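For reference, chains read A, B, C and D in written order, and residue numbers begin at 1 within each chain.
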Amino acid sequence: MDTRLNYKVDPMDRVEFHNNACFCIGTGRMNLALRHEYHEQLKKVQEEIGFSHIRGHGLLCDDMAVYHTYEEDGEEKAEYNFTYLDMVFDDYRSMGLKPFVELGFMPEKLASGDQTVFYWKGNVTPPKDYDKWADLVTAVIEHWINRYGRDEVVTWPFEVWNEPNLGGFWKGADMPEYFKLYEVTSKAVKKCDSGIRVGGPAICGVDDERWLRSFLEYCSANRVPLDFVTRHAYATEAPQNEGHYQYQKLRTPEAFIAELNTSRSIIDSFTEYAGMEMHITEFNTSYTPLNPIHDTNLNAAYVARLLSEMGDTCASYSYWTFGDVFEEAGVSFTPFSGCFGLLANGKIPKPTYWAFSFFQKLGENAIFRNEHAVITKDGKGILRGVCWNIAEEEGPSYLTLDFSLELEKGKYVLIQKMVDEDTCNPLKTWVNMGMPANPAAEELKLIKETALPQVSTKTFEVMDKEGKVEIKLSANGLCYFEIKPVQAKADRGYKPEWIRGVDR
Amino acid sequence: MDTRLNYKVDPMDRVEFHNNACFCIGTGRMNLALRHEYHEQLKKVQEEIGFSHIRGHGLLCDDMAVYHTYEEDGEEKAEYNFTYLDMVFDDYRSMGLKPFVELGFMPEKLASGDQTVFYWKGNVTPPKDYDKWADLVTAVIEHWINRYGRDEVVTWPFEVWNEPNLGGFWKGADMPEYFKLYEVTSKAVKKCDSGIRVGGPAICGVDDERWLRSFLEYCSANRVPLDFVTRHAYATEAPQNEGHYQYQKLRTPEAFIAELNTSRSIIDSFTEYAGMEMHITEFNTSYTPLNPIHDTNLNAAYVARLLSEMGDTCASYSYWTFGDVFEEAGVSFTPFSGCFGLLANGKIPKPTYWAFSFFQKLGENAIFRNEHAVITKDGKGILRGVCWNIAEEEGPSYLTLDFSLELEKGKYVLIQKMVDEDTCNPLKTWVNMGMPANPAAEELKLIKETALPQVSTKTFEVMDKEGKVEIKLSANGLCYFEIKPVQAKADRGYKPEWIRGVDR
Amino acid sequence: MDTRLNYKVDPMDRVEFHNNACFCIGTGRMNLALRHEYHEQLKKVQEEIGFSHIRGHGLLCDDMAVYHTYEEDGEEKAEYNFTYLDMVFDDYRSMGLKPFVELGFMPEKLASGDQTVFYWKGNVTPPKDYDKWADLVTAVIEHWINRYGRDEVVTWPFEVWNEPNLGGFWKGADMPEYFKLYEVTSKAVKKCDSGIRVGGPAICGVDDERWLRSFLEYCSANRVPLDFVTRHAYATEAPQNEGHYQYQKLRTPEAFIAELNTSRSIIDSFTEYAGMEMHITEFNTSYTPLNPIHDTNLNAAYVARLLSEMGDTCASYSYWTFGDVFEEAGVSFTPFSGCFGLLANGKIPKPTYWAFSFFQKLGENAIFRNEHAVITKDGKGILRGVCWNIAEEEGPSYLTLDFSLELEKGKYVLIQKMVDEDTCNPLKTWVNMGMPANPAAEELKLIKETALPQVSTKTFEVMDKEGKVEIKLSANGLCYFEIKPVQAKADRGYKPEWIRGVDR
Amino acid sequence: MDTRLNYKVDPMDRVEFHNNACFCIGTGRMNLALRHEYHEQLKKVQEEIGFSHIRGHGLLCDDMAVYHTYEEDGEEKAEYNFTYLDMVFDDYRSMGLKPFVELGFMPEKLASGDQTVFYWKGNVTPPKDYDKWADLVTAVIEHWINRYGRDEVVTWPFEVWNEPNLGGFWKGADMPEYFKLYEVTSKAVKKCDSGIRVGGPAICGVDDERWLRSFLEYCSANRVPLDFVTRHAYATEAPQNEGHYQYQKLRTPEAFIAELNTSRSIIDSFTEYAGMEMHITEFNTSYTPLNPIHDTNLNAAYVARLLSEMGDTCASYSYWTFGDVFEEAGVSFTPFSGCFGLLANGKIPKPTYWAFSFFQKLGENAIFRNEHAVITKDGKGILRGVCWNIAEEEGPSYLTLDFSLELEKGKYVLIQKMVDEDTCNPLKTWVNMGMPANPAAEELKLIKETALPQVSTKTFEVMDKEGKVEIKLSANGLCYFEIKPVQAKADRGYKPEWIRGVDR
């Protein structure tokens, strides 16, 4: 079913819009940051989009080789190895990224048990000795202060652990034990520098209301340091398993946003925490790296909508993740494998990549916003917009947006960058080529040629204060557009009207 | 007016097709090869297309600083400076290019007069001393043999001077004087190594029949070395001047080809030269670097047709030129200035760039060829085609080609790369932006985003030995396509039919 | 104690010298080839030295994620994942490297036990099902044939397992079980293509004579495929442990070579194997990645001597390893950690790096060779030499080599590239800077500035057929030199004798 | 004759030292900035040294193609082409460089005569119409303001013409005519923005006292805008010509500096100009690009001395030039040709390159300075020094500097980077190779390997507040050194004293 909607837009208006799409991005575990393909993907992301922070698991896991012990004089002593940590963080910094530090999981030598999470086996048990844990946290932060400078390190947010409200990530989803961990850890952080900001509880949407409320009560009652609240948010239901994959029903964007509102309200219900920053340290449509939705245009359109609204309640929201170098559920057999990344392996941008690229250009000064579009204006009077057409159900479903803009008399150019199932859909190309598990170099090249937005321009004339701009979105279309005044000035003797192929 | 044409194609057929589109490419004068923008443009061309040879003017002009004299013991002595020559040729070789050496123009110190050609003032008068000219030619070639090795240098074709049949390029268009120059020069070349191949007369289409016939008669009568014949070919009439620009009527492709046939016949009419290689050392639509046609999609479609047919009579045909670093008519005021290049300054590929990129992929094993298309088959059974829709006149004019292919039962993918006035037309973008003489970096980026072919794939099933493929070309559309069998194999549990946005 | 030795060298002589220094190089386990630092180090090595093959452990270990099983219809079925394998091998091939394939260790799902080796836990138990193991080997090779072409894959040597004569690498050092593994595996390889060359037993120098003899007897008796023999060789005694490090006594080069001679004799004692290629698939001074000797100039001088002699008995000899991205004994705490690499982390070339760089330039046409030097001559009459001064004991010990060369009358230039404890000793720089565990960027830069050979030139004149060249080596000095005739030709007016600072 | 000198250095001292070595660098004419070799050389210079400004001739010459005229409606009208200007300035800015704009020479269409300067023929006659000249200047600056922003352009210094006190650069060395040009031009500049700083008279050391005094009198009397004074300074006498080269006697550094003092005094003698900035917009040893001295170590040592003293009287001093892409005296026949550059063609750093690299690291906070050395201290207590040993006469002449430093008890490292005739002398290498006019790639590589400073470190212990540091300089040696405290901390078990080849 096709839809046509008309909107009046007055560039003098000012509407609420907090655009923090590029504050933080998720990543596979820290050890993967040593990989070449990871480096190449992240470099591309940073050159073309440019996030400020990055957050991932596994900072203190054994494959980062930080925590060691040895015996001397009959005692077990700790020693710290920063070789890999420095490689990873040096690399981040060379790409303009700060860490959003997630403190976890447990080094084997410090662990109280052997329960692990993921294919890569992160230990999720409490420390067997909280003092040694605090020493470890302190040692790591002191090392960073020495290497990168105090002024730098105090600008990094620190978060304690990951999703302790799931038994898979924290043994027994043991709430009191987490509160103890949080207290010890946040105090260890503050001991290094009281200016470092620390937060939690990094919960996901399971029993989250009770966890959040209890956590805030605990912090408040015990005067535990807390600078911001963190949680995660995903938009899918329980999965149906098929071979290597998991398929799920997607919830509505409204349902997704409602969950955030609830958290917001809980925080604001505490006098001492009202208005405190809430960072969504992970979000995506599906929470499993085995759901093909992540590779689709639907995902891009859906995420665009979220990006336009999450700033209403959240200080930031970190898409989980930038790339498909990721091993939580094992190693993908194929380049498109339903993994979280903005990029598939081989540096293929998925449609959702462009949602971030587009929001990055928007700025914050919005003049129009609704469930289909957001439009901003910059200091030079250039209008920039993003619009989308979420279409989960099959069938043709064009959405045409007619904007009627109050503009000065003159000539304008409308620039459009279109990402939809026809024009920018590398997954389709790959499927059409027979889903090769290990594409040859030239197949990969072709796939990437179909992963770029279709860019077009057209001009229009405003005679009487009204400019009409029509954006036609096919199913799951995502469009970035710019509208700017044109002062045409032809070179001496240049006659566009005599030249074949240009607009008159 | 829209047209639909139906063709039966049998991949077992074999039709005549000599594809030498990438044998040689033209360039602005040698001194420009020292430029950074030139280097960057040529690097792009070589990485993405890959020509074998390059040919341009000005090898011996004073800005290459080769020929010098000084006085010693009361005599004038010559000395040679190879600094710039080596910079240029080393650079060519680093990019996989051999020179198609054009010997000319005249160093001032050797010139008999002061007539010059072009904004950059190449001296076009005969040598004042033919012995010293022969010494110069010999010295240069001996230097190359020392530097690059004899085995390499004997693979470079040598051509004597440029368009002597025009008074602008050769004082007085003096035919006997040219024959003398040719004789002295060709013998000087052969003196260095008899295996080096030398040719002429490098004429353009003015009084060309008489020149060609006389030249061959002269060579034959005087036993002058001649290994191949060279000429130029352009497709436009006399220009109308407007400011910095020149506008011209385009002749038909048939008329263009007919001129080559005439030259071919003249050569073949000499017993000793029948079948001798004829190299078109320059061709293009317009012969002036001030005609906006070079920047259009019309040019691309027109050139595609020429590339499909010139091999019928010519050993090679060198498009004039690879890039817009060019100063024959001065320095362009704007990035799109009607100059010859495949690339506009700023490394913007013009539509014609893709014509060469597409023919480069074709190979020579044709199974179908007519005035709209050529299709080849490679050793693995993959079909590759190029088709075009030349539309000089305004108005809608779709051309739809329906190919009915004899194919084995099975699934196939059709890959299309489309270059037309809507999808890949950087000139239009630039015009829509107001024709900025000096685009800002982000304007340039946008222009380049609209200079890429639109790539798409679709699959089809062959049940009963017949595959139907439809290619729809809009006005001046140029399309590359591939047809190849697909063995689809889904990863365990991967269900394309459950995934939004891919073909079923 | 200083020494001065005189040698007469006649460039018309021809002495035995098989230079295969760059045939193969060792690497940390395959999974590490996914790392960015690894990629950067290997790229440098390949650009500046250029090995032909690369060999490392862990091809089939779980972190390469090749072998998987799942249940279907009540049975366990195997499935293969080539994602990482292709990343690694594609990367090797992009750098001009072929694999010297080591088949091992055991995927957990195929293993008969849980014994592992190394920090990174490679499973070293026999397959629980030899048919499934054979299927895995076949599947991998068939995949390579599909991806890289049969013609390519048949040029790769295949070796079965690693050091089965050590219980640590092969459960129980069980000889009959290894022979079974070898037989099954070599037959699986040959089943893919009988042209693929396969060998073993990949033993190190422990009980090696009995192992080699038994292995050859077994192959001979059972008509097991065998195209070449492989073994390892190291030059150190049992270690003394101190903290993270191991210190060892170095054996003499003569002792090292003697061990190879013994293996050679054993092979040659079998009629059917006499003269068969013996590949040293690992060698180095010390066999532990915790011995600081690897980072020293002593190591470079010692290895130079080995490179000059190993070709006498061995088809190739693969230095273990190209770089310090290596985790067999854990992750190094510091950039210089006594690990095997030619490069330390941070892309610092160690002195031994230059030994390979120098031998790579030598070619094989030797005119002089002894325990201190080897000199070759190329087709253009240029002499190239490498010489060294092994000095394990402390104290000054210059070695001066006086070469008296039969040369034609004329002017010559002597080029020297010197690597010794004073001029090219990055380890010393690092120690002088206080041994920083995690050097800052500028410290790293300085270390690298002291890791380059000191290059110098001087000229000499030969009047009467005798050229005298003196090379002075300080302790553990390693020197590359070239001697070539000079045809000096000054530019007009250039007077070197008037210019301050150049040789007269 | 060898010399040994002893100095006491107290790091608490503070001595006068204005280090502005990297404020500005000279370049060949603007058109050469379009060259690839130029771009590569400048990129290297900027990455490794990093100048702030760049100044060269030929901004408005015809090969920059800025000024054009055409007839319309019976009048001659001007039109401006910024294509090349933008290419050059965009490139500068991409490398972090601002222009020190030199306004000149005269476009042919605006010139009153045809006198030219240099091989590349810059027109040096006054404008035939001063209004049109002013229009041109204004148009160019307005274009820059549009393109780069007003805030940026007001930070660029502007200088009017070049060396008008020489008849070769300004027809007739006509002083009143220059004052007119200066007045018109400076007012045109100020018209664009009164914040732009403009200066002159850009004279060299010929009749310079009279010129400078008259110029200041003129400006003062006529209230002509003047923000700073500019002049040039060279240190050589009249040349002796030999073939392509010119040889000259070098004046003493004292004589060179005295000339600057005189200019300074003249300026300061005007009440209204006392203390006004004096910029040396060109300096070097020799003023001819044909004097081999520029390629020597003597030049480096001499320039180092100048860099240590010029700041006493001058706001800045711009070495003429950064590279050897230069055509004032024609095109060099050889890579070392006595041209001005810090780099020879082929990106070979000459010894003087390192003088700038070393001063760049010094900072300004000097604790010691005399005719042989300057030493600074940074905020972290690290000492950095540069010292030199100018030795014009032949013969051994070591200079040993013994510094006795007041330092805290502890361990220190002394880092030295030595550039002298033995260790870092690419000219010598080239001469030894026979002075090849066109070196092959591998010859060039070797030359560059001998163009790097020899870097070494050693440690010393301070027991009783006194550290002794000895720097030994051979003839024309130039040395950079650093002294910093070392906190040695060995990894657990690492025993430097057991390791061969490191200091104990």
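Note that in this section contacts are C-beta pairs under 8 Å (C-beta built on N, C-alpha and C of every residue); 3 or more make two chains touch, one makes a residue touch a chain.
By chain, with names taken from UniProt: A, B, C, D = Beta-xylosidase.
All figures in this text were calculated on a predicted structure; none of them were measured in a lab.
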Labels of chains that are neighbours to chain C and to chain D: A, B
Chain copies touching (chain A, chain B) - same or different residues, decided at half shared: same
Of B-C and B-D, pair with higher C-beta contact tally: B-D
Centroid spacing, where centroids are CA-atom means, of chain B and chain D in whole angstrom: 45
Gap in Å, rounded to a whole number, between the CA centres of chain C and chain B: 49
Per-residue overlap in chain C, given as positions that touch at least 2 other chains: 70, 79, 243, 333-334, 437, 492
Touching residues on chain B, where the partner in the complex is chain D: 34-39, 65, 68, 70, 79, 81-84, 86-87, 90-91, 147, 243, 330-334, 345, 437-438, 440-441
Residues of chain D that touch chain C when the two form their complex: 241-245, 247, 292-293, 295-298, 333-334, 337, 392, 394, 411, 413, 415, 417, 421-423, 425, 427-429, 431-435, 437, 446, 449-450, 452-459, 475-476, 486-496, 498-503
Residues of chain C defined as touching chain B within the complex: 70, 79, 492
